[in-house]
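We call the chains A, B, C and D, going by the order they appear; numbering starts again at 1 in every chain.
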């Protein structure tokens, strides 16, 4: 009974996973299954979702079971991103998409102005847009205002495993927007995922943290539990931090 | 099939919980049940375990179901601690105990020399001693050498919820001793518990983090999952952290 | 002989200070003097720089000695910011300015699209624009590309004293732009200022950290030294961090 | 007029430096001079202070100008440490000493029980003992109680450059003892030194952070300024940290 809703659909699992970087489609399938994810993102420029002569992701990860979320990984400007998603919609009928417009190869950080332009174009065109952005609360609010159905701020650099560099920003985003906030990028280990949820986020999207672990299937299970643990912990309301028993301590605010 | 063994007994749950600070014994029982703990610690100087005319913990938390671990909370010297545990053994037959000899009221940090003396006396007297200590790897090794069956370093101040202040030390302890290492004290939220397990610890003992949450039962569930998540994450082998894609980056070692 | 150059002018001091939040102009003057700053920012919408009947900052902080840097504090859109700086230029002849276009009252984070628009308009109009922005390396590069003469990313929320929340981002900005990078906002104490400089930044701008200290004059001296210390430390090249002597340790990448 | 007093002597510089790990005695001398240190520690088992046929430290670092502080680096038990310092006193007349009794080669952490025993023996024998210990506030207080004239807790592992891993402990030590508290070991860069001073410490001892920098002389200058900056910052009283302008924010205690 703890649902998370995006674009009118409800999901029980708050863990969203990517489909890339696995050894083969068998591992992809097993990891996704272990993760309990209901939404999987697919880089439509990279993954074969249309040519039946090649191995196809859809034969391993059933689109009737999982919600496919096409993403624009590899797009560096608004036009390319919009075109990519239109092609994906024609091919697979996908209307709910994850938009990412990248700023450069080195950081894979979003280009926020191009992202904003693409979001506006896609929404006008009838798409439901979940949007990858940086951890700027002002831009997050702006993306909500133009109609994005979920805000997906980065925790840290894509593929870095550095966790959530700036928890204050993630928290500020959660406070300032009404649509779901999903941390996207940066999670490296289970505790990172729990931290994201404890900040009040609605979910977490990850790929490398699972696919890049020594044992991806086991890590997928770990992440499933960590997301649930973090969610429950947030709902339970943690104890306040204190420096020590003596309330007159001068430590407060110093450290 | 992922057991943790201490003093010849095996336990499936790696979450150990305290029994104090709850509103009443009903809440104590429900939280412990939700936590999935198999070992519960009892402050024998504070909790009524012998007078049947008063409400008794044993009527709510069945000693046949849970392993009672008497502790010496409130003892500030070796003699008092040893005497306390001898009385407990006479009363309840408990041989597996948690030793803590505190240094002062303000920090509740251990007095390590008194702790060491008490540990030696108790072990000579046939006790199986799980020992609360600070996060000093040298002292941890010494306590193992005198025969303690589990080392329980603090993550941070008892009741502080500050989490694991010095993960390097916890990791060094885990590397230097062979008996189980259980983080005791300092955990405030689910991600803290996951961090402890990701460092390779065998378990975590907590009390205030659960009892002091707004909803202790829900937090107990969160902690159960967080411990499992952290354990699996440790076993799965996390992805390496990296600053960014460019391997020639001068960031390494700077931040 | 360690200069920092912006808009064709060279400065020896890498500490830039605000002029607000002091008890009176005497304290403002004394703190600025103690800080060793050569550039002072002035909120032209708040500080009297034109009405000679009221106490005037210029009578305490000599514009012949200090480089006045008019800023647009309190402006929430590009037009207002541009108009404000045009009026300032007419009044005082200031051509080198600090642009800030804020996103909301709660966070005082920049609105980056409005900031970008204002920067372009001002540069077209002949201004030399030092620009307050968030810590997004992509936007920082963009602001340099449109002609800003210095990038001033926030370390954390204005007036928060939280220090540099995301050192990786500050470092990435420093690597991606060629013009000076000055951390603006967030510094709370001397070590924060040193950290900014150790990341390779060209300077730091602060106000509340000095004006809000119990002893602003003493804190101004502390900041002067901290900036110099951090600069020297960066130039000296710090020792690499290591977990411990044993190079075969499995700690690396785990913590 | 900001003195720091130990064993009846006053010192203006709060930076104490080691004399090892330099390329040659010229570099040692230059770095020490640049650091402004008045106290230098000497590993009496390693450095030639008695054989005039070999190059001697005393020819480069004048014992009439600098206070030599013989230390027991390399001693792993109380007896060896005590014997070493007795020999040093016979050779050089040094009465003020730095005691360190190490626990193992891997961590170079102190063995606190041996340290305590050695401290008691040395104090009985008329030495003034400055003592290297871990960051346990209870043991720090105990070492003061047996008569040590300065407590020197580690910030992190010797030679690690990890900075101050547990600022809460350093602060607790400073609150619990009356004799000077000097952070010894772990400082890697200038901001680390400033942090130590901002916690209220009386001084910092370092060696590798200077000798292991690419440019030791420049780093020595950086450290001199960082210590002064941190001291002034502590005295000035930093601004309080806050999450953001809105005082009703639920962020407090969460992050």
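Observations, loosely collected:
Here is the rule we use: contacts are C-beta pairs under 8 Å (C-beta built on N, C-alpha and C of every residue); 3 or more make two chains touch, one makes a residue touch a chain.
Being a predicted model, the structure only gives us computed values, none of them experimental.
Among the remaining chains, the Cα-based centre furthest from that of subunit C is the centre of B.
Two copies of one sequence, subunit C and subunit D, touch each other mainly through matching residues, since over half of the numbers at the interface are common to both. Spacing of subunit C relative to subunit D, judged by their CA centroids, is 35 angstrom.
With centres defined as mean CA coordinates, subunit C is found 47 Å away from subunit B.
Between subunit B and subunit D, the centres computed from C-alpha atoms are 33 Å apart. In subunit A, the residues that reach two or more other chains under the touch definition are 106-107, 157, 162, 168, 172, 198, 238, 240-241, 243-244. Taken together, the subunit C residues at the contact with subunit D in this complex read 105-108, 157, 159-162, 188-195, 198, 208-209, 212-216, 218-219, 221-226, 228-233, 235-246.
Across the complex, subunit C is touched by residues 103-104, 106-107, 109-113, 116, 134, 136-139, 141-142, 156-157, 162, 165-166, 168-169, 172, 176 of subunit A.
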